[in-house]
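Before I ask anything, let me first share the structure, which is written out below as structure tokens.
To keep things simple, chains are lettered A, B and C as they appear, and every chain counts its residues starting from 1.
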Amino acid sequence: MLKECLEAVERKMPLIHNITNYVTVNDVANVLLACKASPIMADDLEEAAEITSICDGLTINIGTLNQHTVPAMFAAGKQAVKLGHCVVFDPVGAGASMFRTNTALSLMREISFDCIRGNSSELKALVFGSGNTQGVDANVMDVVTEENLEEMILIFQAFAKERHCILVCTGAIDLVLDERHSYIIRNGRPEMSKITGTGCQLSAVTAAYLAANPERKLEACAAAVCVMGIAGEVAWERMEKGDGNASYRNRIIDAVYRMSGEELERRANYEMR
Amino acid sequence: MLKECLEAVERKMPLIHNITNYVTVNDVANVLLACKASPIMADDLEEAAEITSICDGLTINIGTLNQHTVPAMFAAGKQAVKLGHCVVFDPVGAGASMFRTNTALSLMREISFDCIRGNSSELKALVFGSGNTQGVDANVMDVVTEENLEEMILIFQAFAKERHCILVCTGAIDLVLDERHSYIIRNGRPEMSKITGTGCQLSAVTAAYLAANPERKLEACAAAVCVMGIAGEVAWERMEKGDGNASYRNRIIDAVYRMSGEELERRANYEMR
Amino acid sequence: MLKECLEAVERKMPLIHNITNYVTVNDVANVLLACKASPIMADDLEEAAEITSICDGLTINIGTLNQHTVPAMFAAGKQAVKLGHCVVFDPVGAGASMFRTNTALSLMREISFDCIRGNSSELKALVFGSGNTQGVDANVMDVVTEENLEEMILIFQAFAKERHCILVCTGAIDLVLDERHSYIIRNGRPEMSKITGTGCQLSAVTAAYLAANPERKLEACAAAVCVMGIAGEVAWERMEKGDGNASYRNRIIDAVYRMSGEELERRANYEMR
């Protein structure tokens, strides 16, 4: 049950190492605190592997990829895998530049990620080795819809099998799948795309959920996706006259902070296949 | 009309590449989303020109200038100009250090900016090649007032002519001018100076307005300045007991998010000379 | 009196140079503006010493330490000391990696800090040359309690004497001490630890208070600690149904923005030894 996943995070308070972008890093730190995990950011090669060693999980996010932190990503990733920590990869903008696509593919070759979370364009860029990601947003041609759902699941499940990892594809419909099972999740609000960083936040929350629930990884990822989606719904219900995307951003993190296992269980809207 | 400029941004949803500082980058991303544009941040030489190629406009902001991103600024700027994209330059802190002043002047020599937006001290540092900028704020001696308005317009208009670009000088009175025409804009609130990054936000919004309105560039810049100023006014009207600059910051972005073409047209307070 | 310290900041509006981490930098800038100081961020060796020269105080924070900015920390720190500016050091995560601990110790050898502010684990790592800091949070074994208060004061006072500086140790109980006197401060809320960066914010505010009150440094540090603690209390009283840590973050900066000398004096909860 999703409830147990949330409560394990609250109980274990995992420390999550994030090598992430400087655009959304503050929100990532606050959302980890909101779900009762702890954040630490460290992206210099000099300390990346050592910091990861004292943590319970790692998120690697290439949102503002630069050459100086790439070696730190490899070092931390390898160390985390060696220690049996959960590692989540967020290939922000894969498909939008060669540098991002190639770095993402290299990281995937050398680090065995537990979970890769991205939008449909980013994940398709990883599957096919190139893409047409619209900046950091999914290209409209790539989006998961009720019509292409079966096909998308097949594509991603083949990739999950090949890579031995969980894939989380977020959009209007969210998919959480490994080679055998898939969660199809319909929580969230379209307005979440008008805030920078809800995807980055989800990747970090996913790392916290995996770190606290290593014995039920697929369910942990599904729980994290439901938490963010429900937080988006709760926050929207709390919007007041005159509020816009900045207030919505705060209200979403607030909703994660206040979410109980019961609320998660009651509002989670998913089917399994 | 300003209304058309806003509606063009909503319709075209331009993708704006930002090489910017890490202090205000999250607000810059959210304000671009608020005005219905899309942000992407990428500052590594390895991908800067390629990322700019898939975008509609570029903002270069030197707020936390460092040697590693300067080459990316040149590469992206030159590529954007080559592709006919609009490029906005925000010379944050020009006049406060040789590094900033000289980098700003070099960028201006090699990249033909469509618009340069700064406070009066920053712009005077560019005009005269040195300055006495008070950190990242205008020196009180440089401020545009009703008394020195004519003189300041003459100085900046000569510079706009020499550089073939639009200058946007923001402060209590905002100036938007090219070599022939000037908008004198009196929107905004003095409390906006108690928030970090309203200037950075305006530069990015200006890039979005230019990208969506290439056939009326001066008007597009004026519209962007009015949008931010009016958002500052609307946000101030929504302030509640106990609110301070952090809430004001959120409310300004919220006001940009909710602003309609009608509201912009109705509240814009400007004269043309 | 604490009131005079706050009013000196409002009157002198010190310009504070911050070489800080990219996680909390936006909040640091906004909280400096909230207390009527001005922020500038500059971390490149090319300009660090020059920027510090035009400022009134300097904060060095190693929250996302990287090799490229370490030389800028040394250059700015030495220049600030040479010019008689107040310099505050925030050894974020000292004790969590060799890189952080060793850089912190090197900085302390070469720069005579006016004040070092950290949590108990970070400060103990500096005292003993190594530590077991829990990421960026204090290890529960290191925390200052009513029981170990005397002992902790002795340890820190010996260190303050050796280093000729003020130590600020924050947690449930805050200590502000030099070799002779100590303030024991009991303002604040436990929920402040669920926001990233209240410590970073305090370090910057402390630099502003020191810069504006060079003739009463210990009292200035105590005033800064009380301001942040009281802001945490005021903000908590303003929390509404559904609010969480993101709203709390904004409300704390808002409370700093609105704090008067009278409120500070009235609500400050401290004893001196």
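FYI, a contact is a pair of C-beta atoms (placed from the backbone, for glycine too) under 8 Å apart; a residue touches a chain by one contact, two chains touch by 3 or more.
Computed from a prediction, not measured in an experiment: that's the story for all the values here.
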Quiz item: Looking at which chains touch, is this a line, ring, star, complete or other?
Solution: complete
Exercise. Would you kindly state whether over half or under half of the residue numbers at the chain A/chain B interface are used by both copies, giving same or different?
Key: different
Quiz prompt | Chain centre separation in whole Å, for chain B relative to chain A (CA means) | solution = 33
Self-check item: Two or more partner chains touched - positions in chain C
Solution: 22, 26, 68, 249-250
Self-check item: For the chain A and chain B complex, residues of the former touching the latter
Solution: 21-24, 26-27, 63-68, 93, 96-100, 134-137, 194-197, 242-247, 249-250
Practice problem: Quick one: which bits of chain C touch chain B in the complex? Just the residue numbers, please. | Solution: 15, 22, 25-26, 29-30, 33-34, 38-47, 50-51, 54-55, 68, 234, 238, 249-258
